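Worksheet for the structure shown next.
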Amino acid sequence: MKTEPSQNNSRRKFLKGAAIAISTTAIAPNLAFSAFSQPPNIDLDKYKPSYFSAAEWTFILAATDRLIPADEQGPGALETNVPVFIDMQMLGEFGHASDWYMQPPFLPAKPEMGYQSPLTPAQTYRQGIKATEDYCQQTYKKSFSELSNSEKDTILSQLQSEEIQFSELGSAQFFSFLLQNTKEGYFADPIHGGNKNLASWKMIGFPGARASYKEWVDFPDVEYPLGPVSIDGERG
Amino acid sequence: MKLPLLSLLSLTIAMVGYSSTSIAQSSEQILIDKGEYLSKAGDCIACHTKDGGEQFAGGRAVDSPFGAIYSTNITPSKTDGIGHYTYEEFEQALRHGIRADGAFLYPAMPYPSYQKITDEDTKALYAYFLNGVKAVDVEVPETSLSFPFSQRWGIRFWNWVSTDNEQFSAAPKQSSEYNRGAYLVQGLGHCGSCHTPRGLLYQEKSYDHADKDFLVGEDIGIWHAPNIRAGENTNLEHWSEQDLVDYFASGRNHYSAVAGEMTDVIQYSLSHLSKNDLNAMATYLKSQAGQTRTKDKEPSDPERTTALLNSAKVEIDSGARLYLDNCGACHFTDGVGAPHVFPQLDGNSLVNADNPKGLIHVILAGARLPSTTDAPEAIEMPGFGWRLNDEDVAKLATFIRQSWGNQSELVKEDDVKTVRSAIPTNVLERSAP
Amino acid sequence: MARQNKPVDVVMIGLGWTSSIMGMEMTEEGLEVLALERGKDQDTVPDFAYPKTADELTYGVRYKLMSAPVDNTVTVRHSSQDVAVPYRHLGSFLPGTGVGGAGTHWNGHTWRPMPEELRLRSYVEETFGADIIPEDMTIQDFGVTYEELEPHFDFFEKVLGISGTAGNIKGEIQPGGNPFEGARQEPYPLPPLQRTLNDTMFEEATNKMGLHPFPLPAANASEAYKNPYGMQLAPCNYCGFCERYGCMNYSKASPQTCVLGALKQRKNFSYRTGCEVIKINKDSSGKQATGVTYIDVNGEEVFQPAKLVIAGGYSYHNVRLLLLSKIGKPYDPVSNTGVVGRNYAYQMTGGATLFFKDKNFNPFIGAGSNATVIDDFAINQIDFKKEGFIGGSYISAAMTNGQPIRNMPLPSGTPSWGADWKKAVKEYYGHAMSIGSHGSNMAYRDCYLSLDPTYKDKHGLPLLSMTFNWKENDIRMTQFMKKQIENIVETMKPDHVNYSFKGPGSEYDVRPYQTTHNVGGAIMGTDPATSVLNRYLQSWDVHNVFVMGASAFPQNIQYNPTGLVGALTYWTAKAIREKYLPNPGPLVQA
């Protein structure tokens, strides 16, 4: 059977720098969404979110930018496409809590008993963003993204500590997902949509998916010099 | 097989000359069993069984430069197989390439090698195929090559020019082990069908070691069947007899692991032979010297590659970088791999074959070892065709062919493209995330 | 009405370590053996192929190889007074599924218990007197001795190709090994893994302190290896994607790399995937099993008749099956009667993270069992009376991975986000090592397993309920270990150190990962009033049911359980072959 190399290697097309717009058609939650059908290294400006509305997307961009800001230390959440990662996660098994036990009853329990909310992460984001924006309007008469950096930081801290309380869901739980997913998007293999250009790995010196160091056990306490490689073969 | 719990073990019979759990067998059954064993040595199943088909029912398209030659149904089916063959007709087909109806068989059937099979062994094979194999009433496609190859009578002339028409002759000064090995390699094993170069008439250049071309290597499609003379002045000189036996029995030894067409030979044929027979074949091959070393000069600095890779200071677009990102995890920076598990790339015959396409195929599609009694684990190399483009594969293959002690030609992107186009997508994507 | 298959001699529930081993043993007897695995088939290639397996998010964070709670989970509560709620997403422990089970994604720590641990109650009574045992502590002897199990530890270690340095060969203490271990007849089959920087630093410090460091016994092969089944391992390449991941290069011991290729060659062995056993069926007398019932890939109920049933599922899963099948009397903590579910235990762990700004640890260069250990504070080294607790731990420095999402230790006080967080990440990644204590957990009257009254699985069957909390005894033990680690830290003098230990009042928290060492619930013993299984892991109640796994432990040993689980399986197999098959019936008179 003849195969066209370019069809085989759809990923290689992307690695050659093609920017491809993502389809905005909604994907039924029951479909196993393949995270790998999205191209890595897309331009954040060109990305159209599939889960988040335009207003929600603005929040996500603003919030992740504060959680991991860009500075001289290294790249931030925006330049590494963390928001793309989060959008993709919302459509997949994580966002839908597909692997979790979500049967009722959902009873109040000690924090040590773990997650007992009936909301999926995707629902938590939706409601959490709305509740946060409502709070910002009430308190500052502005949307979150219009606030100053220090105001944004304050809000985020207050969510984290649950100083700001929501009526419909736990604010700390919302923040917890947001922070967890932001760090995941920052550090995960680019095959999941974030860590654009392997930037976080380059910053910390993590070799990525090379997973092969037998000879280097002989060189303890020597900083490993070789840049990272991603699962798809992108080299840093 | 359901046994009453443990009661069968109490029936263990110690009988002189028999295995401890068998019951006395008729002489006919012994002959059939011997024929079954010999059919494994001859690897009849490889051609006479098609994918998903019943054993020996034929229908497999054997590719030749002249077109597809379909193997015949050699089950004892009376309607579609050889159920009506007398011993004489069987013998004529097996050793002389003449069908019961008088037509000549295409030498895709290696009768030039099989003519060395002794009468005794031929009788055993006959007993097996007529009485030990299940009859399958399935018709197989007729071979129809284009003119002039459709003219089977022309094979008579080909036979005159291209075959020895000689029975096997034992070398009187050699050990019985050597001669047993020679018999198997020249005859049933028909190793020369792949490993002996072919001449202008597509005939094997020689059928025994009297000729220096015997078993010195040939290409089979994209794969290279290497020189398997393993004595002095050959590339296998450093292989011991045990290394050869290990390879035959399990597809893996201290240095190498099987890939390509030979995998099936080990799976269906060699791994089923007795250790005595494998030792005999190894003895014979170890006694075959080469004319000159194929490697004329010593490599200038074999440690150079290892040192470079160990430093992990390699250029981002180099073959060395590709090696560290794809191959080093198993084949390691010294190219030595791990004995009996991951083949050594330094000095490997597939890596260094003139025709690089076999190596390219392995890089793109991976390779899986057969599960054999000796080594039950079907260790598999994943393919990298989903991850690397043609340029990268060419660069990587070139790096491997020119690293450590290897000094072979570079690999071109076009070659990669050709090999890739023949590999189904699902195979290329098998190990993709 | 369940469809019925044709009968087999032996049906095995699950196809992980214990069923793989049992499969080899039972097929050698010429029996027809069938394994029923609820999960999917999996093999090194393509499922754990390089490089796709080096995906931290998918396997390390989203737990793709583990049993998803939507399919199977438990409910948890601290005490009988609480209402148990579901363990809705994975955290504290990560049960496996699929062919190979958790044996495909473990880290390979393979230990023998100390001889004293197998007869813990007797040891405590003999050495310190029975009155130091708290009233609600229900520790027991296993009913089998270390000496009886020794050849089986040895064989299991050979099957797995354990890399290590023996400490005690036939009574002679060996340099470089664990001087406190029980005597072994032979050295480990492979030399130990190479030491990394954290190992040498820890070795230096502990040697200086007069302690006895040795390499952790590793089921990560240090060299190419062929095991007694002809299966093969390749040398570990320290890829740093071990625990939670399938091994990409055949160096981690798993059912796939150590057993299954050989088992699948046997004509009298077969297995089916996507088949979840929901019950062990009994005849009308209730004293003999007739087979098992399972739900197949199409959701159909099927009855598989068999002469012998081996429960080879994950530990607490076996307990659940016994409860659902009504084999054995369920444990009632109030009246302290019944046995199925009693003596559930876990593992007490704690640790310190040490930061050294000028050391390059290259944490991504790691193997699952790459560690150096001291056993100077093991169970048989502690004066329980003096220290005020019963228990012990091993203390080790391990470098298993440098995966940035899961393993980003930062000095305490570092903000969890923002510019300062990022600065700390850049400053400290690669400059931290850890020292941990891994210790025993005793059994208690109110730590047990039962069927949940409210929550159900996808087949409508009750979930298993886990009633469990940390007790003072084990908290005192872990605080003792903290002090020992503080002493080591003081010798090593890091720039910063974080400690994470349970303290007085700490309650069991299902959120952070601790260990996947859930033990007990179907314990072995010598008295049917206080155990579910006899010393051959045979059900006291239904003689053709044998229940493998750590569910048999009456309390948890201080070490990782797999070594003992493997040895007990071979021990049981031997008993089945030599004693049971010739004369089916109870092997021990109650």
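Think of it as A, B and C in the order they're written, each chain with its own count starting at 1.
The definition used in the following text is that a residue touches a chain if its C-beta (ideal position, glycine included) is under 8 Å from a C-beta of that chain, and two chains touch if they have at least 3 such contacts.
Just so you know, these numbers come straight off a predicted model, no measurement behind them.
Note on interfaces B-C and A-C: more C-beta pairs are in contact across A-C. Comparing chain C-alpha centroids with the centroid of the full set of protein C-alpha atoms picks out C as the closest.
Put simply, the C-alpha centre of subunit A and that of subunit B have 51 angstrom between them.
Averaged C-alpha coordinates give centres for subunit B and subunit C that are 44 Å from one another. Mean C-alpha position of subunit A lies 33 Å from that of subunit C. Across the assembly, subunit C contributes 50-52, 55, 235, 237, 239, 248 as residues in contact with two or more other chains. Multi-chain contact residues of subunit A (touching two or more other chains) are listed as 191, 210-212, 214, 216, 218, 224, 229, 231. Among the residues of subunit B, those in touch with two or more other chains are 326, 328-329, 332, 387, 433.
Residues of subunit B touching subunit A in their complex: 309-314, 316-317, 321, 324-326, 328-329, 332-333, 385-390, 392, 417, 420-425, 428-429, 433. Residues of subunit C that touch subunit B in their complex: 9, 29-32, 44-46, 49-52, 55, 58, 223-224, 226, 229-235, 237, 239, 248-250, 257, 261-262, 264-265, 267-268, 307, 581-582, 584. Note for the complex: subunit A touches subunit C at residues 66-69, 71, 73-74, 76, 93-94, 97-103, 105, 107, 109-116, 153, 156, 160, 179, 182-184, 187-189, 191-192, 200-201, 203-214, 216-218, 220-224, 229, 231. By the touch criterion stated above, subunit C contacts subunit A in their complex at residues 50-57, 61-63, 68-70, 73, 76-78, 83, 85-89, 91, 194, 196-197, 200, 235-241, 248, 359-362, 364-365, 402, 404-405, 408, 416-419, 421-423, 425-426, 429-430, 454-456, 507-511. Partner subunit B is touched in their complex by these residues of subunit A: 1-3, 5, 7-9, 11-12, 36, 191, 210-212, 214-216, 218, 224-227, 229, 231-233, 235.
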